[in-house]
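Each of the next two complexes has chain A plus one more chain, namely chain B in the first and chain C in the second.
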Partner chain A sequence: MGRRTEVFKRAIGGEIVKVLLSHGGGGRETSELLNRLIFSRLPIDLKRTEGGIGIDRPDDGAALKMEEGYVIISIDSYTVKPLFFPGGDIGKLAACGSINDVLMMGGRPIGIVDAVVVEEGLDMSILEKVMSSFLKVVNDENVPLIGGDLKVMPKGDVDSIIVTTACLGITKTPIVDDGIKIGDKIIVSGTIGDHGATIMALQRGIDVKETGLKSDVKALTDLMEPLLKEYGKYIHAARDPTRGGIAMALNDWSKVSGSVIVIYEEKLPIREEVKAYSDMLGVDVLQLANEGLALLAVDSAVADDVVEFMHSLGYEKANVIGEVREGRLKGFVLLKTSIGGFRIVEAPIGSIVPRIC
Partner chain B sequence: MGRRTEVFKRAIGGEIVKVLLSHGGGGRETSELLNRLIFSRLPIDLKRTEGGIGIDRPDDGAALKMEEGYVIISIDSYTVKPLFFPGGDIGKLAACGSINDVLMMGGRPIGIVDAVVVEEGLDMSILEKVMSSFLKVVNDENVPLIGGDLKVMPKGDVDSIIVTTACLGITKTPIVDDGIKIGDKIIVSGTIGDHGATIMALQRGIDVKETGLKSDVKALTDLMEPLLKEYGKYIHAARDPTRGGIAMALNDWSKVSGSVIVIYEEKLPIREEVKAYSDMLGVDVLQLANEGLALLAVDSAVADDVVEFMHSLGYEKANVIGEVREGRLKGFVLLKTSIGGFRIVEAPIGSIVPRIC
Partner chain C sequence: MLKERIEEYKRGGEKIEALKSLIWRLAEELGHIKIMNFCGTHEWTVVHYGIRSLMPDNVELIAGPGCPVCITPSYAIEKAIELSLEGVKVYTYGDAYRLPSLKPVKGVRSLFEAKASGGKVDVVYSFLDAVKEARNERGEKLFFGIGFETTAPSYALSFCKGIVPEDFYFLSVLRLTPPAADYALSKVGKVSGIIAPGHVSTITGAKPWREIARNHSMPVVISGFEPLDVLISIATILKMIKEGKSGLVIEYRRAVREDGNKLARTYIEKVFEVSDAAWRGIGIIPSSGLELTMKFSEYDAYKRFSIKKPEAKEWVSDLPKGCKCAEITLGLAKPVDCPYYLKSCTPDRPIGPCMVSSEGTCAIWARFGGGGLAEEIAKEVGVA
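So, the complex of A and B:
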């Protein structure tokens, strides 16, 4: 009898239920747990500040209404394993992840804070490498590190390093995902699933160098700042599709807009190696985490211009992958396959892999 | 040969040095490590936003200069063990800790975000209790929870729960600790060392109920909001003296102001049980963590009025415990003992106890 079965049986018997890996997978179980423990237990006034955006509306971060414009804040704990992977490490990931969340809210990142928890006995050189990667992003993106915390836990109480970052940004007009409209085109800025496939392969002991897999982790400032300036008012929704992949983000969007989102298999930019690897393991690329990808819903009148502009910024794999439609299947996401059929794209259930980001 | 000796020898031999518990103790080793890994490696422009307060000035949090006033942000990871203790639990601690940091920067807390990392297999009832305590503070203090993250780590990768919180606040005039002046009086809002003594006793298996020890964890909104309103301009420095206790905070202050800070043993409000327990174990109460205590440097002209006002707000143990002086021992903190001598109060070295907050 597997552990999961056991837990399920105990739940039925009315005994104590345990926290499962899937509760942290970023999919349906996460939403349900957060709803039960937090969202359902707070009145609206304690879910957001007045005129702001909070946990009442699922998005990359929160926004506070100030006298002039908005302050954006995002927070995430990074627990990725292994700490170092092709394309980056936990330090780079933690800095880029929270910066990207602010960018996807339409904000200009202006400051970052970190809280690092380290295992006693960890090689100092590892901590140094991680912090160097973190500071490189701070430098490259010109986002000051304005505060932080460091804790050490006794050996055995935590595995290596956990980095939590919160990023602050400002904007006159936040991009809130419920701005999505029927007719909008869905755009991705690059290939999908790269980060998720890479970490999964590493965790399964596969020689990643052989496969050519590489995480896409990067800060999207060089994409989003010009894009917001040029086409800001046409971007109706923007998401940093990490855990749960674009499947999770698109399902959120179809629900919030009461629409059907249709995406086309043949339009999805997917690296050969990511496709091969996910086919082999039977995982859905749409559910794999991305760490340097923008997912946008854009006014159809400018969608092609936006893609062309993204190409000119060096995001040569950017593509329109689908659209937002009316239809009977409100709240669903459909994939039109290469052979012509439709399949429902589900929000992920269960944890595909722990410690993915 | 103890582990510490071994690590030291390896360091001398030029081999890899390990992260030690003391690096996370909040004392001198923490400062030195952060300086080496972070502070010394960033130019001033990447340590704070323009016109703001960042890691260039050690304080409870950071401040960003906005068009109108300042946005304050604080962040901390909470790793306390045990999760539940007389007076509170990790949920209450995480909410109060970051709120208090904002208050001590002179800010009005306006929103909080959390990032929770949970161990797979943890009893759901424990997570529920912790989140309930967290939400109770959100409710009681009327600080909306505007965003968050939840991760689950596989069994064995983390011990129970780590909660990271960042709190946002606003103020027209932040209280920055380098505002401290010669002649200022040092005030505490209540008894010292309660939290540290309680957690230490629990970790050493002592029956805390017998001792009467109890953590002081609480949000200081009911103290700081009226105090800032009434006496804001006379408060030259304010600190939430958690890890490292008031010894660490006062040492920071004496260094930043190039003054001598003298405190009087007989004026220190210390509970009998805290005194008895710390005498027994030979720990310095001044170095014990506090989680519901305000440490202030106040213009001497109003110091007695401030204390009286604090009494009227229910903080009946509030007291002037010392003062900021000129003198040859610049950068030092001195304790005038009950029998008349002076002893140097050092910033803590080594980790008194891990997972204290």
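So, the complex of A and C:
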């Protein structure tokens, strides 16, 4: 190793010998770690099934090509602290999260499996409450729970409860990020940052009841199924912007499409309490997690119709927030500020919020 | 408090346009105007909201010494690393966690690296949290005491109340902003007006900034941190220049009182005394630091660990060769003038201290496209 490289590696915190919280933050460190541990060590044909989509592309889930159409699968672990929060709990979150990932791949959820790890000594009533919330989503969304696992670890070996879910879906045409095109409009289905702001406030001991903060956690089936049916071919990309928020998702999109995504601060639907709270703590709303929000890149010809359709489905805050543009400088997300200036929206780095989903 | 903030947002929108045109009108007959800010959070507001691009060509906004992390001398970082590796538990704010030292200590250049190499380092949100944790920690402990006037009262109060455990040592790298402002102004020359730090002034009050306004015959406005505050402050400065006035105006009336926070200052004076102090890359600025008084010397890390502070006559720059952090901190250069900026020095991989903290000018510019990058992209894609 040359001296310059040595100096450089030192400057960056060099050979990191311990796993850090930021490695799991869902931001750039996570991407870098996964790339080093996994992506760079597998040949392409072991990163996806033939004709399918796998870990070769950043997205919400994988698509396996079948004789006819595709099977979609997505998996996630949920470790949120606290377990219960206004708007939901870890059970609801775990069920909705994987269902939403399948929906955002253009899939219709057909089955879900779960794996629950519980700490010895946890109040039985807590476990019951969490599983009831989980089953309520299964019932409401009519997605069969087709398998699962439950383990108990000795006290102290795991912190209260971890839920992992995988959801299966089917589709004729999966929606993949690189379908995004210059000229597309960027649409969000509702207010931004509600979940992240709520959990952060709770973790810092703020009384969220007084602030009116509430998580947006919900399954987006009632939005995505009619939307895919009506406008499926015009939806070029879709994301469930959880960890890293829409900042992370839009940065991924701008890079994958070699474009500049411009968003307008005045068009962003943000609850006043979320904005006030995040400004007070110096966190960027765009980086806060959402658990019931769809982020779409839609053909500009139908963008207004799509928004109107979303309103008619009860997603009243749905709005066009920006568009995909072309320029010599590529791979940026640009924001026009409320006062008419510009700034770059960065992909989150560091551990923004530990254990929010 | 939250409700008040929400009301502020509701009021904000309409005033912005009026203010922008006022600024343009005021600047019309003026020559080149250089307005300096002295707080990293002001620079953050300027870049985060794209305020520079809204200014007329002859109004230049420059960043001054407003980031306590950026100016923390390397010897202090090196000592904290060394102690953490020798088994002393070091508590630090997150801002200073990744702050790189000049010289490696056993191959380690930051507290972050020290922790990964087995050093005892914990990141805390407040001094009080550290005090609480330190009570349950065996052996010797150290607090990496960075900060300006705003941070000092929390330290002072804990010492006065006698809640700091006896083997918890305090490494003071506390610095005072008015002396640095004086120093920067003597170096930069031709500054037309100052946006003075709002939070610092809640403690210091208006007096030190009034003296600076008098000594340098210029308008000084103590400003809040919303984009609206900064625009109002800029307009105020321009108006004063146009009318040939100098002096101090408090724009941030909702937080800053004329005499500041006397109680907080009383605590600071009980615990700390003013001393000459090193600013990273810049040198020793007279009467610009705070150190523990004799009464609290049992907590003084400098005494306990025989740490020697550099003296003016032997001072050598403690920045990596070629790094322009000192010039940037003093408003003599911009991040884009540095050969490392966004080349080898990035927020993920900081080389110089200004690229580390969220208040560092380089970090702010790099993260949000300061220095014209955001505007350039906006023009390119046809939205400017």
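Side notes on the structure shown:
Methods note: the second predicted complex is superposed on the first by the 341 of 357 C-alpha atoms of A that agree within 3 Å, B and C clash if a C-alpha of one lies under 4 Å from a C-alpha of the other, contacts with A are read in each partner's own complex, and residues count from 1 in each chain.
Methods note: a contact is a pair of C-beta atoms (placed from the backbone, for glycine too) under 8 Å apart; a residue touches a chain by one contact, two chains touch by 3 or more.
The structure displayed is predicted, hence computed values, not measured ones.
In the superposed pair of complexes, A:332 makes contact with chain C only, with no contact to chain B. Once chain A of one complex is fitted onto chain A of the other, the partner contacts of A:281 are absent, as it touches neither chain B nor chain C.
By the touch criterion defined above, A:301 reaches neither chain B nor chain C. In the superposition on chain A, A:66 makes contact with chain B only, not with chain C.
Once chain A of one complex is fitted onto chain A of the other, the partner contacts of A:18 extend to both chain B and chain C. In the superposition on chain A, A:149 contacts chain B only, with no contact to chain C.
When the two structures are aligned on the shared chain, A:349 is found in touch with chain C, with no touch to chain B. The larger set of touched chain A residues comes from B, when the choice is between chain B and chain C. Once the two complexes are overlaid on the shared chain, A:128 sits against chain B while remaining clear of chain C. Shared contact residues of chain A with chain B and chain C: 16-18, 20. For chain A in complex with chain C, the residues that touch the partner chain are 8, 10-14, 16-18, 20, 28, 210-211, 260, 262, 272-273, 275-277, 279-280, 282, 325-329, 332, 334, 336-344, 346, 349. Of all residues in chain C, only 1-2, 5-6, 9-10, 12-13, 16, 20, 47-54, 98, 100, 104, 107, 109-110, 112-113, 115-117, 227, 231, 344-345, 347-351, 358, 367-369, 373-378, 380-384 touch chain A in the complex they form. By the touch criterion stated above, chain B contacts chain A in their complex at residues 16-25, 30, 33-34, 37-38, 41-42, 45-49, 52-55, 61-62, 64, 66-68, 71, 73-77, 79, 81, 110-111, 113-125, 127-128, 131-132, 135, 138-139, 142-154, 156-159, 162, 164, 166, 168, 170, 351, 354-355.
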